[in-house]
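Please read the structure below before turning to the comments.
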Amino acid sequence: MMTIFDFEKPINELESAIAELRQLAAEKGLDRSREIAELEAQRERLLRQIFAHLRPWDKVLLARHPKRPYALDYIRLMCESFVELHGDRLGYDDPAVVAGLAKMGGRNLVIVGQQKGRDLKERQRRNFAMAKPEGYRKAMRMFRLAEKFRLTVLTLVDTPAADPGVESESRGISEAIAQSMLTLFELTVPTVAVILGEGGSGGAIALAATNRVLMLEHAIYSVIPPEGCAAILYRDPNKAPQAADALKLTAESALALGLIDMIIPEPLGAAHRDPQTTALSVRTAVLQQLDELGAMSPDALREQRYQRFRAMGVFETVG
Amino acid sequence: MMTIFDFEKPINELESAIAELRQLAAEKGLDRSREIAELEAQRERLLRQIFAHLRPWDKVLLARHPKRPYALDYIRLMCESFVELHGDRLGYDDPAVVAGLAKMGGRNLVIVGQQKGRDLKERQRRNFAMAKPEGYRKAMRMFRLAEKFRLTVLTLVDTPAADPGVESESRGISEAIAQSMLTLFELTVPTVAVILGEGGSGGAIALAATNRVLMLEHAIYSVIPPEGCAAILYRDPNKAPQAADALKLTAESALALGLIDMIIPEPLGAAHRDPQTTALSVRTAVLQQLDELGAMSPDALREQRYQRFRAMGVFETVG
Amino acid sequence: MQKRAIVQANAEQWVQCARCKKILFRPDFERALRVCPHCGHHHRLRARERILLTVDPDTFEETDADLRPTDPLGFPEYADKLRKGASAAGENEAILTGLAQLNGVPIVIGAMDFGFMGGSMGSVVGEKVVRAFERGVELRCPVILFCASGGARMQEGLISLMQMAKTTAAVGRFHRAGLPYIAVFTDPTMAGVLASFASLADVILAEPGALVGFAGQRVAAQASVGKPPANFQTAEFQHEHGMLDLVVPRRNMRPTLSYLLEMFQASYAGSITP
Amino acid sequence: MQKRAIVQANAEQWVQCARCKKILFRPDFERALRVCPHCGHHHRLRARERILLTVDPDTFEETDADLRPTDPLGFPEYADKLRKGASAAGENEAILTGLAQLNGVPIVIGAMDFGFMGGSMGSVVGEKVVRAFERGVELRCPVILFCASGGARMQEGLISLMQMAKTTAAVGRFHRAGLPYIAVFTDPTMAGVLASFASLADVILAEPGALVGFAGQRVAAQASVGKPPANFQTAEFQHEHGMLDLVVPRRNMRPTLSYLLEMFQASYAGSITP
């Protein structure tokens, strides 16, 4: 089966060729602009061709792409300033969750994000962005800080799942997820979530019980990882691509089902080909939502959040 | 130096003799009432003699007496019913703190107490009533339950100190003590603390930031254990008795300084000679305080608590 | 061999304990509320049995019985699983809710049914839980929920995940109304249900031996360095770790619930007597 | 030997780092805010130095300077210790409080002085802390407290213990007024101070290497099974364990405080702009 990664090789080769030509032209003072333009057109055709027909499984791979920008990349690219705060005040500080105070577009924000690691060492330190109970408890502390000081909350969701290990179980990972949602629901300040990459089940919704939920174009949001679904449905984890189809885990499906509010477009070739542009799009989209929410009273914000989720569900009434 | 325990031997001998005589009289059908009455009078004389001249160090020993009734003994003897609740909902359940829902005198109470162990095994399990952070966090959960359901809070204080170990430090024992006090201060239901035995510094005040603070006659309440004070003051922990004098750690001193509201008298010979009577005295005293507090509005209760502690402190104003 | 023959011959009369495998006389077993007299194993109950066992006789009135699941994603085999679930559980969905009295106290009660697609939470379960809490607020009644669930229902995809948030929001409103919510974790209470409304009760009880946890045992073990403890993800493990108040044997469940309701009566009976 | 001679000869000009023992040129040392350029050790500051280093020039007005400790228990050697403390710290008590501006923002500020009886908290410290928070509520100002204390003051016995509750109560009121409280743990922040108002700040900062903990190191080690970690009870240890937000080098303290005040300005400047 052909995946998005199979297409990346020719694109990467084209990109290398373009870069080489540019350098050569600069060094020798030659005009190679026609050749460059031709190669660029070719690259764009190829990308358009690929990205016009992405299947859900391609999105899964894009959402998990090792070069995809992570929460701290977005914070760095979107915000005028950011000071990270630490700790759940209960004995732990979970590196899988980053949180702090930011200025963005002149607004004062509390940002809470799930953070993956770029290299092996950081990936392990961040536990692959799988938050432990203390990660959600740190998040809750930040939410309460936001409530007290009337700060807007922005959450950046990117996790395969909440940490399922024995330690997390023994410290109440389920309770922490539930309380995190509850804390978000009780807030009377504006809250916005952006699904950046993987919106992995309970681990994701814990931070996404917000007034607005936005998704990047190639992010996924799912009740179960496709591999897990395939193991149950087809008794074969290798059938994850089929499961991805069945689960309707793309931004497009989520929007069609009325479960998210907006899809934030990614640059051609996905976020990792142009993090700067992607971050700018996220920033613009979030600020637009905040403009809308800014007109609402504290009580109205809480009520809108309640009604937003209250309406979710598809069922029939008989008789 | 003569201590309270030195006097216990002749008293115990007298009590054995009285018990023997009673049994003999019952078995043989003989009238030994005169002898018994004489021995009892002797016992009472001796007890009065000893207890008329207790020094602070004697009180320390009485407060730590291995036969002294503990929190669960009082709960059993005072309450019509009690259901223990467990856990801080954060990963731990601290056996040094017992908590639950009780009926006492027809009132619905949340009771939180520090619990020592009677035998070696239980003493270890209860960590000698030295609460860890999770003990105070369990207490806070119960305080919040009381607030939500308009239940009266009764705390039973009996601890040498909060647990000072590495694990407790790493999970924020200081924060837990501070938050426990803060939680008590924010309540709008009536709160009463009884210092049953050892009121050991931070570990004790964590549960005693209440509308009323009562002390049993032979309990102690101190900013530092006398041994620790002696080590600092005299560079000799064996001078704890002198330190006990200096620290003014008795119920009498605490009342004289205006730091507690009432001394609950113990039976002649101290609580462990008659737990039932002691428990009844505690019950009566607490119910009397609750009658007074019952007349106050939620806001007035919080305000009274603030002013109660606001007034504590002795200083001069110059110029 | 002989024993097995008896079981088959008198399937109605005899029943085998799921844990210790001992053969039990069914009338005795029923009288013991399906708790094995030999090993104490608490066998699963149907939602309706659970409620009838708990509330005062003839007081249960089912609510929202008219809600039916659909197949919004056209998910493979879902329609078929719904049919099978309905016939296995004798209910239309994985939760049964209604009004009742417990020792004379009007309550909103719900019980999940593991027999219906593993007690999984999809749109109907989410909606019925929310309506239970909304009804509690409206009538100023305590809510008691018996949980029994493998988690969110995969077959409704992201819609099921949203039920975690939806039910949590409803609990939030209920708490703000100052009313008591008691959850009982029965075998099993897992994943998306444990990580939403179940864990948010004022007081949490559990039946002995109930499986209670977040991730599947295999996943949890894989994600951990050491070996999980022997009692991992049991009610007793969660109790040790402070995540629930009491492990209550089935025979004591009704009096315990009744005591709790009595203690919290100021909140719903309106008489604040501090 | 030669170096020591220099130190003695030019006691005013030269100073020795308390940790790495290197000899430092005093003007450089002062310019570096008494942080050793070789090992980074943050030397203790007097309360008044700390405040003047932190606030805008010429904005500090001391408050409650007229409060003086007494000896309510007639405690051995206390009167003498008070006299010595006053001359050592150049202050009348272990805390200095007042009004000031930080980057133009009016604040209530306090700094404890370890030089005065180990920064211990008795009646006067308790009263001044409470008045700082009450003044913050009254003026709708943020409160910033630099902690430096060995704990409650033994010499005032139970009265000192009560200061833990008294200061906590004041923080509670301050929080209810919705105003920001920032605590900075400097070397050392221990016991009764850590276990009361210090730990209750909205944001907690600490200086690198500061000793921060509940019990004395010896007591903690005795009460534990294993050996305490090498960084036990340092600011860095507490940071690892989620008990404080940031470890901030002294040179960055003022801008960090300023940033935090700016972020929280809706609460005290009255302009709620969510």
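Which chain is which? They are A, B, C and D, in the order written, and residues in each are numbered from 1.
Here is the rule we go by: a residue touches a chain if its C-beta (ideal position, glycine included) is under 8 Å from a C-beta of that chain, and two chains touch if they have at least 3 such contacts.
Remember, it's a predicted structure, so these values are computed and weren't measured experimentally.
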- Chain-contact steps, minimal, separating subunit B from subunit A: 1
- Query: If you tally contacting C-beta pairs, which pair wins, A-C or A-D?
  - Reply: A-C
- Query: If you average the CA atoms of subunit C and of subunit D, how far apart do the two points sit, in angstrom?
  - Reply: 52
- Note on the structure: Chain centres from averaged Cα atoms put subunit B and subunit D apart, in whole Å, by 34
- Message: Using mean CA coordinates as chain centres, what's the gap between subunit A and subunit D in Å?
- Response: 41
- Message: Touching at least two other chains at once: which residues of subunit A meet that condition?
- Response: 89-91, 170-172, 175
- Message: Residues touching two or more other chains, restricted to subunit C: which are they?
- Response: 241-243
- Message: Under the stated touch criterion, can you name all the chain pairs that qualify?
- Response: A-B, A-C, A-D, B-C, B-D
- Which bits of subunit A are touching subunit C when the two form their complex? 162-175, 177-179, 181-182, 185-186, 201-202, 204-206, 208-209, 221-224, 229, 232-233, 246-249, 253-254, 257, 259, 305-306, 309-310, 312-319
- Message: Give the list of subunit D residues in touch with subunit A in this complex.
- Response: 175, 178, 180, 202-203, 239-246, 256, 259-260, 262-267, 272-274
- Task: Using the touch rule from the top, collect the residues of subunit C that touch subunit A in their complex.
- Result: 66-70, 72-73, 75-77, 122-124, 126-127, 130, 152-154, 156-166, 168-173, 176, 191-192, 194-200, 213-216, 219-221, 223-224, 226, 228-229, 232-233, 237, 241-243
- Message: Applying the document's contact rule, which stretches of subunit A touch subunit D when the two form their complex?
- Response: 81, 83-94, 101, 103, 107-108, 134, 138, 145, 148-152, 189-190, 293-294
- Okay, in this complex, where on subunit A does subunit B touch? 89-91, 133, 137, 170-172, 175
